[in-house]
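One chain, chain A, links the two complexes that follow: it is found with chain B in the first and with chain C in the second.
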Partner chain A sequence: MEAIINLGIFIGLLFIGYFFGRRAENNHYKSITKREDELRDIYVSSERFPHPPFLTHDSQLVSGSVVISVDYFKVIVAGLKTLVGGRLTAYESLLDRARREAILRMQQEAKSLGAQAIVNLKFETSRISGNANKGVGSIEVLAYGTGLIERT
Partner chain B sequence: MSLKNPKIPEGINASQENPLKEFFWLLLGVGISIIIFVACISYFAQVLSSYIPFEWEESWVSENLANQLAKKENDTFSTSDFEQAQRSLETILSGLQSKQSTPSKIKIHLIDSTIPNAFATLGGHIFINTGLLPHIESENGLAMVIAHEMAHVEHRHPIQSLSRGLIIQLVSMMIFADNSVSSMLNQTSFLALLRYNRQMESESDNTALITLQNYYGHTEGAHEFFQSMLNEKEGRMSIEFFNTHPDVDKRIHNIQKSMPLKAVSLTPLPAPLAKLKEQASTLDLDIID
Partner chain C sequence: MIISNIEIVPGKRVTNHLGLVQGSTVRAKHAGRDIMAGFKNIVGGELKGYTELLQESRQEAIDRMCEQAKAIGANAVINVRFSTSSITAGASEILAYGTAVVVEG
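Entry: the complex of A and B
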């Protein structure tokens, strides 16, 4: 009886994780592609030095950071995957979203400062919470770079 | 000057595939491996456990523990009646054992319980519920039940099914990440692990029939208990019995095949047991009504 209840809770959590996690991911991707189109002219590059036309610009640090949580479904799929190995696609999409969202927030900040381009883009990734339970709780991605603002 | 970020194609860094597909493949693969693993390990547990010395079993389940299990102080019957019935059971047991080539050390216990059942457990302890008595007519019927449980002990079925049950429980705890192995051993469901499969039951039936044949010279009356249980299948008392004993029809059929064609006389129940049976019968009716 206890086993049946536990199994029921497990399947319920799995369902909630799949349903809401999937919905959040789809909505997030839609929003990401939409905003990427909007911010396409804030040029982002990982080069250390600006292109010659930007050499006379003012520079300022811009950053964007995002924290995204995994859902229960992803944890279970990844847990099963760790038994056999291979691509952890469940987490790949999570990190992909986080990186792109971080860039978008950084671009947003640059835009509000009046910057035209960002150079020297760098990423930091860390996981926060969930360390106690061996699982990945949620991840933080920080994107930062040098915003180039035209002198007036 | 105006530079623009290019549009990056989707589906390179993140897979576009529905995660459910991956999930079900993984579940299927891992599930099948676990089933194969458990099947192999429980098979070996069953085979190897036959080599555990019988003395070890006896030291695990001591006479004291068995008496506690049997709850010797009965509330329903008078003490002297109960003790005499117990002694009659022992007489039947030793009679049956005298016809065996290598008699094992078997202890028989009468339990005051309305549930019609009998079972054999570790250390060669056989338990007979008083609720079983109203379901048999003759000593032959009772001897069949005893011989059947004796055969379980003889074939080492209790230790085999215990080993298998423990292994399966251990694996399930590993899978569900529960580390309380000690709680598993303390569980009161210890006896619930002792479920015999069909093969064990029919093996014991066959051995029991041979024992009866040797002792009485015939196997008439051996099916009394099963027949009685089958006749009142709808009864409340027998639900548990049929859950744990499948294929009763088939077993009766097997027993009847071995019975003699010409009529033979049955041995009546010993007086103390007959007395207890009478008392238990009235009790049985009270509860069912």
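Entry: the complex of A and C
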């Protein structure tokens, strides 16, 4: 009897994770592509030095960060996938979303400061283990760089 | 105080190197947020509470680094890097470090 209840809970969580996780991911991707279009005019590069036209600009550190959680479905799928190896697409999309969101937030901050470009972009990824040593939990991505603001 | 993560300050000249400065902070989140995060781990999505918490701690780390730089007479910190590590479940350390310099011009 107990085994059946446990199985029921497991399947229930799996479905909740699948539906809500899918919906959250789709909405997030839609919002990301929309905002990426809006912020296209802020040039972001990972070069170490600004281009010559920007050499007389003021500089200021800008950063953006996001913490994204995995859903239950992804944890299970990834867990099964580790048995056979190969690409963990479930986690790939998670990290992709987090990175792009972090860049967008950084660009947003740069825009509010009046910067035209961001150079020397760096990423920092870390894992936040909510309930220790169980799956990925949630991940934090930080994007930071130097915003170049035209001197007035 | 100019903070930048490139090795120069555009339009200005570095006249004096004062060495490494750093600031760090260890933060834990409270249990209420932890429980909410537990729910979020089932449905997925952004953990806004954590995002804010980490942003606050990062600002704290930068402030401490700036204080240290000011104390040794610098007016800019260049080549700033961040590092995050989770110490135990529920607490994370955020470190900001860079080179304190005097710039002119």
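Quick note on the criterion: the second predicted complex is superposed on the first by the 149 of 152 C-alpha atoms of A that agree within 3 Å, B and C clash if a C-alpha of one lies under 4 Å from a C-alpha of the other, contacts with A are read in each partner's own complex, and residues count from 1 in each chain.
As a convention for this text, a contact is a pair of C-beta atoms (placed from the backbone, for glycine too) under 8 Å apart; a residue touches a chain by one contact, two chains touch by 3 or more.
What you are looking at is a predicted structure, and each value in this text was computed from that prediction instead of being measured.
A.B. asks: Clash or fit: how do chain B and chain C relate after the overlay on chain A?
C.D. replies: With chain A aligned, chain B clears chain C, so fit.
A.B. asks: Of chain B and chain C, which one touches more of chain A's residues?
C.D. replies: Comparing chain B with chain C, the partner touching more chain A residues is C.
A.B. asks: Scan A:51 for contacts with chain B and chain C and give back first, second, both or neither.
C.D. replies: First partner only.
A.B. asks: Applying the touch criterion given at the start, work out whether A:16 contacts chain B, chain C, both or neither, answering first, second, both or neither.
C.D. replies: Touch partner of A:16: chain C, not chain B.
A.B. asks: Under the stated touch criterion, which partner chain does A:141 make contact with: chain B (first), chain C (second), both, or neither?
C.D. replies: After superposing on A, A:141 lies clear of both chain B and chain C.
A.B. asks: Angle at the Cα centre of chain A spanned by the Cα centres of chain C and chain B: state it in steps of 10 degrees.
C.D. replies: Computed angle, apex chain A: 120 degrees.
A.B. asks: Examine A:93 and indicate which partner it touches, taking first as chain B and second as chain C; both and neither are also allowed.
C.D. replies: First partner only, chain B.
A.B. asks: Is A:66 touching anything from chain B or chain C once the two structures are fitted on A? First, second, both or neither.
C.D. replies: second
A.B. asks: Figure out whether A:80 sits in contact with chain B (first) or chain C (second), or with both, or with neither.
C.D. replies: The answer is first: A:80 touches chain B but not chain C.
A.B. asks: For A:115, decide between first (touching chain B), second (touching chain C), both and neither.
C.D. replies: Neither chain B nor chain C is touched by A:115.
A.B. asks: In the superposition described above, what is the shortest C-alpha distance between chain B and chain C in Å? Please give a whole number.
C.D. replies: 14
A.B. asks: Which parts of chain A are in contact with chain B and also with chain C?
C.D. replies: Looking at chain A, the two contact sets intersect at 54, 74.
A.B. asks: Across the complex, what residues on chain B touch chain A?
C.D. replies: Residues in contact with chain A: 1-5, 7, 10, 13-15, 17, 19-20, 22-23, 26-27, 29-30, 176.
A.B. asks: Show which residues of chain C lie in contact with chain A when the two form their complex.
C.D. replies: So the residues of chain C touching chain A come out as 2-11, 34, 37-38, 40-47, 50-51, 54-55, 58, 62, 80-86, 88-89, 92.
A.B. asks: Spell out the part of chain A that touches chain B in their complex, as residue ranges.
C.D. replies: Listed in rising order, the residues of chain A that touch chain B are 6, 18, 22, 33, 36-37, 39-44, 51, 53-54, 73-74, 76-77, 80-81, 83-84, 87, 89-90, 92-93, 95-97, 116-117.
A.B. asks: Mind pulling up the chain A residues that touch chain C in the complex?
C.D. replies: Residue list for chain A touching chain C: 13, 16-17, 20-21, 24-25, 28, 48-50, 54-61, 63, 65-72, 74-75, 101, 119-120, 122, 124, 126-132, 137-138, 140, 142, 144-146, 148, 151.
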